[in-house]
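What follows is subunit A paired twice: with subunit B in the first complex and subunit C in the second.
Up next, the complex of A and B:
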């Protein structure tokens, strides 16, 4: 436990100091941390799932509090919770059914399909009907198991507890793999969306976008890319350099020239920070401007996003609540306005304020399409994906744990 | 050029005689080049302004009533020619169209004739100048000259008759007045058809339009000349040969912008400096301004325009007409060379183009009787007046209007650094209004920081942010004030790149967008996007972020063929995003821009 505690603290400080940035990196770190938390956790004989959930929630709360605007942390915590519930459920059913190995395999397959394939587990009426007796049965069986354990069959119990943890860890591993490999799956779809001689516009830097574009390039599509630099981080420069190195015809433009250039652009392809449950998008600051310009010129606004970016929350005033202010020195050089900074007007307010938000919210009506690792979806369909990935009990992560 | 243009000036035989033959005396007097006379004679504004109301108004309903400066500042010559249009229209019955071609040919002959014997007509001008009543005399002389030509003599007689008749009538009330509007319209149509037919025959410009002529010409003139397209190889070559500044064209240009000039930066300045003493024809003041444009020391539409005009003032002051040349012609050529030098330094802004047009017009319109000294002082004061009335006073009026739109508690957003907006904000602050200003800025120029410094220095509560945060900050904004480099006649606001983004976001947040722009920056050109006409800045400034040494991704690889940098200077804001344009003529919606362009362009050209 002390081992995990230091690990947790380490990540918390990293998050707090904003040393980890980018949702993918954060998501990976979170998932790895949770994996080690789970693996090092001593599972009591009873209520294994509850214990695991409790432990993950405690850690998750810490992590989320460390950087509340990094939604990927919360997403991964919720995903892991969902995995635990799922595994617990399947272990319970399997123990009730008594066909361990088969269900385990089935479980593995199921997790995989949920993460990677097209949504094979469609929310059919059949599944819903199936589910209720199942869970009831699971409840029964766990109670049965309790009484059984009470009789003192420790070997079985150990095997079972080991099995749950093992399954969970395996599923978390799969999740990590998914996050790592989502780029390829997204990039595979690029040839279907980019045609010859197209002009694309992208904004800021996103690894997903880079892979997406390069995949099309590798398939011998020739097209041009305009890269808006994305102040104040100017990561567009880095993206442009990468794209140029891969042989893509790239043009760097300033953010202010987006409106001027978008009339010649066929598609806007952007990576985002998070996708909200309503289909809205949290992205690098300035994205809303790009989306509005795209709407004005009827240019499709395509968002590429891995599974870890899907956030089950509905945004409330996201421009303010899901935003954070970066250092003003990114806008005004240090010392340049130092004489003005301290000046106050009569009421004691500073005369000069510098606003440097990090994120921007794009409402769902401005987004044309989401390209995820499991296919393309409309903004209106995002809530459905979220229902697949997260269990409804975990949505209010913080409240539950604090109460 | 003369041969082509002269017939056009004289659309109707009778008019042609008068309008045409009054010209040569002119030349004989002070001897300006003929093309100048013709352009001056036929230049639409004076003709329209002075044509009797019947001619001006009835024919084209969109024309404005003649402005107050009627014929006061026009030479009697022009008035004469104008006054002859009405009568000319009436006698041209469709039957006489057959004569048209011949008449035109004759007219061209007459040009040659008249220019060959300017002295013979010398007496004419004296008569003309003395009083308007002397016009028939001129008419008679023309007839006498023209009679030397065999063709169209019979008609000439008629023309004289008409002229005499016209003279007898009160001159302002023409025969034309008596015809109904429908008749006149029919006549006009017929004349147009005749003109088309004549053109089809390959006869150069034989018009028969009488009173309609100025309008028609006017309309032609209103269509702005297409600008130099830099993807046109032959023209670029031609321009290069003339160029003072040796510029190397940027090698890796963005495909979409091949039609715009882009040169390697940093090569021009040292070369120009070394040439300082070699550039003989360039006046030092103009040279200085050119260098300042090049280095970016002077930027902003008004500042550039004023600097240019003042340099021209200096140049005119030191100007002396070379022997055997005329002031008007030589000076125009001189100004032309200055302008092309300035263009080489940095493409002209539309406001500068308008100012140059004004100046050239003034030079062309200089009364020929003036001595060189007088002409120079005239031009000097004209330029002063332009600067004062069109820029300084206009700004004051704009400020007066705009301040009424600021109320206590407002949060005003401005983008970049506009001199007009700055004055508005400062004046509102002086009036004691309580408001907050959001200064939005963008790379690479970061002009907003200068504005921010000045505003904060004056004690205005400011918020500074960059253009990407515009949707964040727009929630709290109540009004957006923007400057403009130009307002085009379809309502498009042509301004610093990023303005369109700001206006768009403001529009989507239902925040009113007010554009402050002096009317002299209005232009009759139209533009739909920001690509067809724009200016390209130095691409290298994109790769370096000032004060952020950590951002150096593009350092080594800047501007290869595969990775290009694009630094646009302007963009075009669609008129839908603009709630109101505040000009010196008041606050108008963008749809009214063409009205201002039409109605006040003449006034602005003639002050």
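Up next, the complex of A and C:
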């Protein structure tokens, strides 16, 4: 597939050189790329789901390796894998119901696949005996294929294979739609959260938060916003300008002043980089401070996040532990330290180091509420969302030859 | 209830009439549990004293065996020839099939968890039963399960394992067959599968927890949990560099056995007395414990001392990880420490204790879910709040 290969390489380069900013952009590009990979893939009549999964996993591995810190890439890859498994299962069940039962053995095979249970559900106590591992499922679907071809139903089979790809592409389109429209869906819930004459605090600059606040403004709530500037990029300034332009009363404060001002604030609303499986969040550096201050003064800490930010990994996982160290020059004004930067001690190590981490981890105990496009949830409920959107088999994107 | 009322004076007078059982043991300088033979412990001869057969067996398997204890055990076996012949007779064909005997024979292996032994025994019940209808089979299963549970009311994993087995194996979807034999074979298949899964649970848990052990970390463990040992063994075999702080785990001192095993694997081990946990907690990166049972709130019931360690770890912001197989999920909801069936285990202090002095002999405690960070089970990595979700779905 020469066409897809160039597309993949293009995206990989973009990710490596960090030319793509923001998790929503990355998520959309990844989803679109995977959609073209799937549509251009030639699927054999048997084991179609397996081929699709293999192909997506290969591409996914490359993408994740290009920018391991951007968790949205891995999230979308796993979403697509889950979609493939889901659609495969529903195709199998619908064909079992639709076909007239010709022979008992065919029936037997079908009953087996159906009784295997939805592969999309992560392992659960009540379904523990109904789970069949991947190898068994593949065996079943290949047996189905053989029995079909033996009976001369190859045309039907081709139609089925086309159906699976079609369904998967339809579901991926829905996913792209969801990502695009998540801001509106989240913003709709702002009216319930923001009351009259409230004071809100936000940190740095998040598009989701901006839409959230503006939607409440549209509904004639009058409230004030404190914006913490979010050093070293000072993106809070841009957000403050935006909000001011839309008619909201905004105050800019430094990150260090958050603790001093938190007692006057009714709620903290922030956007984050990623939401982890235990309910913790990864956000811009300095967010943990804000969360701790909010906890100290019993101020609700609300996180708004779109579905592409939900990550099925735990924060202790080495893939997640990576914190991107940005360029130190962001911290220094021009030429400020140029005289002492070169000074080294006896063993050649520079005496002055400047470190600029990009992310911060906030543990789940400090978060009061998550607002997603499907509603508001407790941090302890995140596992349910993860079970709905992701399959347990996909957590490790490396292809395993033996399970 | 009566534990907290000041009428302990009255209670003391009542219990004074039954202290003579304790005296002979107090005067003997034994460093380890009393010399019950294996057969004795399994039959639980002291149900009224609430001495927990479960903890006796664990102590027998993992605690320190001294020469004295061995001599006592030999003497005890010599004293009761009927008990030793009982266990051999069970294997003779012609004797009616007894689930307790089957259970005991499975339980002899120290590597096998009690609940798994019970599951295997119940699977054997299905295989050997003479029933001709589903109802009869179910009734027989229920009877066997009840007799297993009544043999030791203090063991949570045994009760939970039996209940789960009954749920899985007798779910209605398995019973839609016309013909009894195929239904029975399907049941046997499910039962064997459940036995398989339970056996493999430890491997799965060990694989899942590898990500959480990083190079250079210090792990604190409490007592001897076979699951935690499997986790540490897998980490050591994949050449991870870490060190382990191991508490002694009084009164059965199972921590000593664990430190022996870890030293054999070339893992740097440091032994602590139970009171030294808070002292060393700031050097520790994470706490790993097993569980005797996982309750509905997401908390765990485990060897005495676990709650203490979890409290200290929580106050110093150290994560507490629990490794527990899924058959340990029990439908219990203790509200405080005294809310469970008391499981007592006699403690030997090495010196005679005057009979006026009361000893707290409970063998286990309850750790509430807010002190636990994550549970590693064969269903995956779970937060404590997921446990009640799972249990509700199973029993709905």
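Everything that follows uses one rule, which is that the second predicted complex is superposed on the first by the 335 of 403 C-alpha atoms of A that agree within 3 Å, B and C clash if a C-alpha of one lies under 4 Å from a C-alpha of the other, contacts with A are read in each partner's own complex, and residues count from 1 in each chain.
We adopt the following convention: a contact is a pair of C-beta atoms (placed from the backbone, for glycine too) under 8 Å apart; a residue touches a chain by one contact, two chains touch by 3 or more.
Owing to the predicted nature of the structure, the values given are computational and were not obtained by experimental measurement.
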**Message:** Quick check on the superposed pair: does A:39 touch subunit B, subunit C, both, or neither? Answer first, second, both or neither.
**Reply:** neither
**Asked** Is A:240 contacted by the first partner subunit B, the second partner subunit C, both or neither?
**Response** first
**Prompt:** Looking at the overlay, what does A:58 touch: subunit B (first), subunit C (second), both, or neither?
**Reply:** neither
**Message:** On the A-aligned overlay, A:278 touches which partner chain: subunit B = first, subunit C = second, or both, or neither?
**Reply:** second
**Asked** Looking at the overlay, does A:250 come into contact with subunit B only (first), subunit C only (second), both, or neither?
**Response** first
**Prompt:** So, does A:355 touch the first partner subunit B, the second partner subunit C, both, or neither?
**Reply:** first
**Prompt:** Is A:288 contacted by the first partner subunit B, the second partner subunit C, both or neither?
**Reply:** first
**Item:** Partner touching more residues of subunit A, whether subunit B or subunit C
**Value:** B
**Message:** Show me the subunit A residues, by the header's touch rule, that subunit B contacts in one structure and subunit C contacts in the other.
**Reply:** none
**Prompt:** Which bits of subunit A are touching subunit B when the two form their complex?
**Reply:** 224, 226, 229-232, 234, 237-238, 240-241, 243-244, 247-261, 263-264, 284-286, 288-289, 292-293, 296, 319, 323, 330-334, 336-337, 340, 343, 345, 349, 351-357, 360-361
**Message:** Help me check something: in the complex, which residues belonging to subunit C touch subunit A?
**Reply:** 164, 167-168, 173, 190, 193-194, 197, 211-212, 214, 326, 329, 374, 378-383, 385-386, 389-391, 393-394
**subunit A to subunit C touching residues, read off their complex** = 115, 122-126, 128-129, 277-279, 314, 316-318, 364, 380-381, 383-384, 392
**Asked** What residues of subunit B sit close enough to touch subunit A in their complex?
**Response** 254-256, 441-444, 449, 452-453, 456-457, 459-473, 475, 497-498, 500-501, 504-505, 508, 529-531, 534, 542-543, 545-548, 551, 553-554, 557, 560, 562-568, 571-572
